[in-house]
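Input: structures, listed below.
Look for subunit A in each of the two complexes below; its partner is subunit B in the first and subunit C in the second.
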Partner chain A sequence: MSTNEPDHGGSDVAVHDGDLPARFENPGLPEHKHRLTDTDPKAARRAEKQVALLFVLSIVGTLVMIVGYFAVKMDHGLGFLDYLDRLALSNQILGIGMAVSLLGIGVGAVHWAKTLMPDEERIDYRHLQRGTDEERADAVEMLNTGVEESGFARRPLIRNTLIGAMALFPLPGIILFRDTGPLPEKVLTETFWKAGDRLTLDPEGGPIKASDMVLGAVAHVMPEGIEEAEHVLNEKAKAAVLLIRLEEDQLAPESLDGAYGGIVAYSKICTHMGCPVALYEQRTHHLLCPCHQSTFDLTQNCKVIFGPAKRALPQLPITVDDEGYLVAAAPFGEPVGPSYWERS
Partner chain B sequence: MSALAARRRHPLATALIVVLGLLVTGVAYAAVMPSTADASTSTASADDIEEGRKLFLANCSTCHGIDAEGRNEAPSLIGVGAASVDFQVGTGRMPLAMSGPQAPEAPVRLSDEQTSQLSAYVASLGAGPAIPSEEAIDPAQGDVSKGAMVFRTNCAMCHNAAGSRGALTRGKFAPPLTDVEPKYIYEAMVTGPQSMPVFPDQTITPDQKRDVIAFLSTINEAPDPGGMSLGRLGPVTEGLVAWVLGLTVLIGFAVWLGAKSS
Partner chain C sequence: MSTTSPLEKAGATTGNWLDERVGASKVVKGFSRKIFPDHWSFMLGEVALYSFVILLLSGTFLTFWFVPSAGETTYTGPYAPLAGQHVSEAFNSTLHLSFEVRGGLLMRQIHHWAALVFVVSIIVHMFRIFFTGAFRKPRELNWVIGMLLAILALIEGFLGYSMIDDLLSGNGLRIAQAIVLGIPVVGSYVSFFLFGGEFPGEAFVPRFFVLHVLLIPAIMLMLITIHLILVVVHKHTQYPGPGRTNNNVVGFPLFPIYTAKAGGFFFIVFGVIALMGALFQINPVWIYGPYDPSPIGAGAQPDFYMGFLDGAVRIMPGFVEFEIFGHTVSPNIFIPTLVVPGLMVTPALLYPWIEQWITGDKREHHLLDRPRNAPTRTALGVMAITLYVLLWISGGNDIVATHLHLSINDITYFMRVGVFVLPALAYVITKRICIGLQRKDREKVLHGRETGRVFRTEEGEVFELHAPLSAHDRWLLVGFDAPEPAQALSATDAAGVRRPGGRLEKLRQKISKFYFEDRVAPVTPAELASAHHHGDHEEVTAGEGSKPAVGSGH
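Our next item is the complex of A and B:
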């Protein structure tokens, strides 16, 4: 920038005291350079061959794909593992064939356009967006004529009823959309758990005795009867609970009410984004969420000790029934899972 | 002699002596150490327990205490059962060479006979899970699809859906389950080693444990239908390969096409 001889060649540029010109002159457009393929017939011939080669490559890829599809037989008589082996081979041939066939066409076409198609430069200068005064006057005149001829200004009865009709027109939409579905109501606030529900093992069912849970044991549980729910998967997604036994004196005082002899049950649904929090470290008593590494401390009533979650995992109060099986003492005391607008 | 003497101040002479010294010490140590004896009987006799006690005092008592009651980081071994010892020692996790976030799988230090003696001794300290029978861990007798269901609910969150490993906190990790002997998979489930929770027979029945083993042995043998397995780690490695390899190729073409044709 400190050179005295700017290479755009303006010798009449006024030189400022700091070697910088006071103002730059428009350097104009750079000279158009012709491509090697425009000047050298050999280069053009070479480019032509390259393009053709790419297209031939694409042909080969397509043929490989077609032949591969039929050549790799996928007999259902094969064993499961042999079938998977064939599937792997078939997938690879089809994938490679298709990639080569598409890539050949695409790259060939672009290369053709860049090297061999006409290379001329044209300049279209910008023009003013604004119309001429005459055109503008014409437009205003037309609008006024329209207003005058339609009688929009002269006949207020028509004007006002038109405005009324337009205002009422969207109302049926509201009535129709209202019936497209019920409001969520208690879907987010309540789960399938209710007081007295037995804790059953996920996925195969079966109640759990308090004595079954040895120290350090973990069980993934669902409420009894959830298989008969109207929307089984939706209910399971909310009702999943992790049952863990640890030393009673390791539990926080506030979680003891809902615990039974060192056995605690907490919602498995992360309060951040709703992933299943099920990675349990037995020695540290930490529960991890696999999605964003939120970490909950069982010894502190599942308080968040790391990660993006903001609220502790809700505890499901448990006790035992007459036969010694673990049951829910009450439903969850708060909505499980991530936050939502109406959550109080 | 004079040639040797002349070279004794060579810069490499010290290094050579250190290497020789290490070699001699290593060979002597290996010769003095008890060699692997033939495995004879596996029933726990009083002799085995006594031998096991000696092995315990020599290899384990520094951390777990002379009475096996545990101290600091080392847990009590009373009531952990033979299965726990067989798992920890049989996979080389114990005796621990140095403390770290967790004891990783390592070359096995004790012979099979020594391991069973040590198991017998620890089992004699208090009742605990026993080493499973051959039949309990036979993958051929398990139901693969049921095992997959149990695995997905109870194991996949840490060990990955294909059992290829997973990260925990502060350097701890759930190890890969590929190429693990069925016996050790079973023992890990009943004993809950290190960070792993316990899955007692009441919550995952012995039959379901065998189903899990059958599932793991099936996915071990299963080929990867998509081509490369990429560690079977899911979207992380797949994304990495797609972005690094795939995009590099595409960018390469773009640069070639965009280069000035003159």
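Our next item is the complex of A and C:
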């Protein structure tokens, strides 16, 4: 193998200027340095044993995995925590066995290549991607012949109708997707809440008496009967409400109309991207959305005071019914949740 | 040939059979001794390729149990805290797969870890390509294919993550739906078509499933195939060095060296990911619970690859939303989620052509650049990384706040300014570092390397001996092209006629100046010779250097 001669790799671009070249010349490949395993048969023998050991390790790993699969039983009779421990054990034995099985082969093969296979660099030559002028002329000629034979250029009637047909035929493929969903209509503007709907605890259920709401109390609320809705999650995604009681004088004047004795209800669905605004800071009366940190001030009618949301959380006007349970006085006065084009 | 063993005979028979059917000998002849250059950074793309294969294997296993349906069922499995809860079939089957199918949890975790490794390796591979200029002609197409694969990988990951229908991914999906909803004019329609009606509905699980396991993997497989065919057609790029030229490939043959090395490396990548699946828990959906639009946990985080988008959303001020003619326009949503990624991807996608236009260089390039030798490009790359990392950190601003005891509001305000200022700063610093390294290279070529041996002459002068570089060591430091800024052409040609495209040409010259005005040229033989005449200490070392003075330029 005489691929190691310096002149093979030598650069051929060097313009001479006077007696010194304008640029340095590529000195060609450096002399090949042999590895220990190339010169010392003992070292080679050692490397050979190491590779074989790694392959044996792989076999052991495979066996561990097979044995582990059958030996570690996922017994439903176990207690919950014991079952989790068993699962972790199974996962580790199977995974580690598999990893050893794979790594043994992989590391062994690479070690083999690096220590025992020839490491003398060889040279291939590149060719321009571009065809020769002759090849290009032939290609153009062939294409022209084809165009000529098809009559594509000579028969504009065929050409133009074909273009028209090709332009139109994908349309049905698009139209076919029309029935992937209904049109939005007014669905986004409505929620499950109607006037008179009782506020019930989410997720445990049960109506809430105004007297249960002590000062500072917070409750996650859904309208009564939402579990019987046709699409429960779709309705919950719009109807979720936070109920909080403050001192009446802490509330902004514009919230008082919809409040009942300091108790206010606001949509829990963020007006930014629809996450539940579920974090309430008692001390500051701020509501925080954990997704993008939009912050709403309860004492300012849930106006945005920080973050990427623009609009205040809509208020659900509430009152009490004859039995003293909190009910919606009216539906939301505006669409809840994130913004969209037709919203306003 | 009278002593052929049965094994050899069987091999010969098989070979003959294959050759007579499919011309196997030509394939072997054409490919088996093909030369590939060696460098650790060429493994990055391999990691991406292998993790894709691992994703196909582990993903296929998962489909045998995963039920792609949002239909409601009651959980009755061994995970006690969720007993009796209403969950979707998708969530239920994921729990069954994790808790009751032996090896199911391992495969799920391998699949998830492999997805993360896949995206990371694509990103790092892409930056390797960028910083070394491997995207230059004739590899522009492969750059574009790679970018498309990166984008598809993000979408593919998000779909797979979402279709499990757990609480965390459900909130992520809600955000995705809000992004769609916020597209001006058509948003609500697209959202209703995508989800088959209102969010969340029941259509998304089976739809995402078929996109995740069939359509997108098929497109990716096709693109990967083209990507690899082009690597073979172009022959792999190589790093500069003695003996390496633009017209050759120096390295090792496919068979047996790379069969063993690359084949072995597949097993190593698989083994490491299996180890991660065995030891590190990922996406424990049973802890989050099934999706319900009402509850949420603090510190909600997407998978890391969505973090930069989430960060852009988090630092976007909300006041930019406005109403006009009875319509709501939400730039606070579409700027960070659609415009910003568009502005990040488009210049990257077009970069090979942008640079080609600026340099006017239409030659094929197979020798890689050392990043320092393309200072402006390298600085632009670091600028992009800085922006990406800042957005990513912004996506975890709540985590940063709780761990570093900082105000989340302060972090957000800082990032709002930081994403404009810090990338620019990173650009300037990187460019100075590159130019500094280039000057150091020049210095080394002109005056030799430091030997650490300090001498004092009889006259009392103290100096350190410098040893001249060997021709081989020197070549790496001088064998590169340093393009010069485009020369200004007069606005009119020799005949006094205005040149066409004069304004565009002027722009090109301006950008070219920006790119190359502070170029550091490689040392020429003449410069080295003159340095030797001036520097007497090098004269001394040329004779008595610790190394034989090979190619000292005399």
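As a convention for this text, the second predicted complex is superposed on the first by the 261 of 344 C-alpha atoms of A that agree within 3 Å, B and C clash if a C-alpha of one lies under 4 Å from a C-alpha of the other, contacts with A are read in each partner's own complex, and residues count from 1 in each chain.
The criterion applied here is as follows: contacts are C-beta pairs under 8 Å (C-beta built on N, C-alpha and C of every residue); 3 or more make two chains touch, one makes a residue touch a chain.
This is a predicted model, so every value here is computed, not measured.
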Partner chain(s) touched by A:Ala229 [first = subunit B, second = subunit C, both, neither]: neither
Which of subunit B and subunit C A:Leu256 touches, first, second, both or neither: neither
Contact breadth on subunit A, by residue count: subunit C or subunit B: C
First, second, both or neither for A:Pro276, with subunit B first and subunit C second: both
Touching partner for A:Val107 - first (subunit B), second (subunit C), both, neither: both
Partner chain in contact with A:Leu87 - subunit B first, subunit C second, else both or neither: both
Touched partner set for A:Ile208, first subunit B, second subunit C, both or neither: first
Touching partner for A:Val218 - first (subunit B), second (subunit C), both, neither: first
Subunit B versus subunit C as contact partner of A:Ala309, first or second or both or neither: second
Shared contact residues on subunit A - subunit B and subunit C: 87, 91-92, 95, 103, 107, 110, 114, 202-203, 220, 276, 278-279, 290, 293, 306
Subunit B-touching residues of subunit A, taken from the complex the two chains share: 33-37, 47, 81, 84-85, 87-88, 91-92, 95, 103, 107, 110-111, 114-115, 201-204, 208-209, 211-220, 244, 276, 278-284, 286, 288, 290, 293, 295, 306
For the subunit A and subunit C complex, residues of the former touching the latter: 6, 8-12, 17-18, 20-24, 26-30, 69, 72, 74, 76, 80, 83, 87, 90-92, 94-96, 98-103, 105-110, 112-114, 117-119, 121-126, 128-129, 177-178, 180-184, 187-188, 202-203, 220, 222, 231, 233-234, 236-237, 240, 268-269, 272-276, 278-279, 290-294, 304, 306-311, 337-344
Residues on subunit C engaged by subunit A in the complex (per definition of touch): 34-35, 78-80, 99-100, 102-103, 105-106, 109-110, 138, 171, 174-175, 177-179, 181-189, 191-203, 233-235, 242-253, 256-257, 260-261, 263-272, 274-275, 277-279, 291-300, 310, 313-321, 323, 326-330, 332-333, 336, 364, 366, 397-398, 408-409, 412, 471-472, 474-475, 478-479, 522-526, 529, 551
List of subunit B residues in touch with subunit A within their complex: 146, 149-150, 152-154, 157-158, 166, 168-169, 172, 174, 192, 194-200, 202-203, 208, 221-227, 253, 257, 260-262
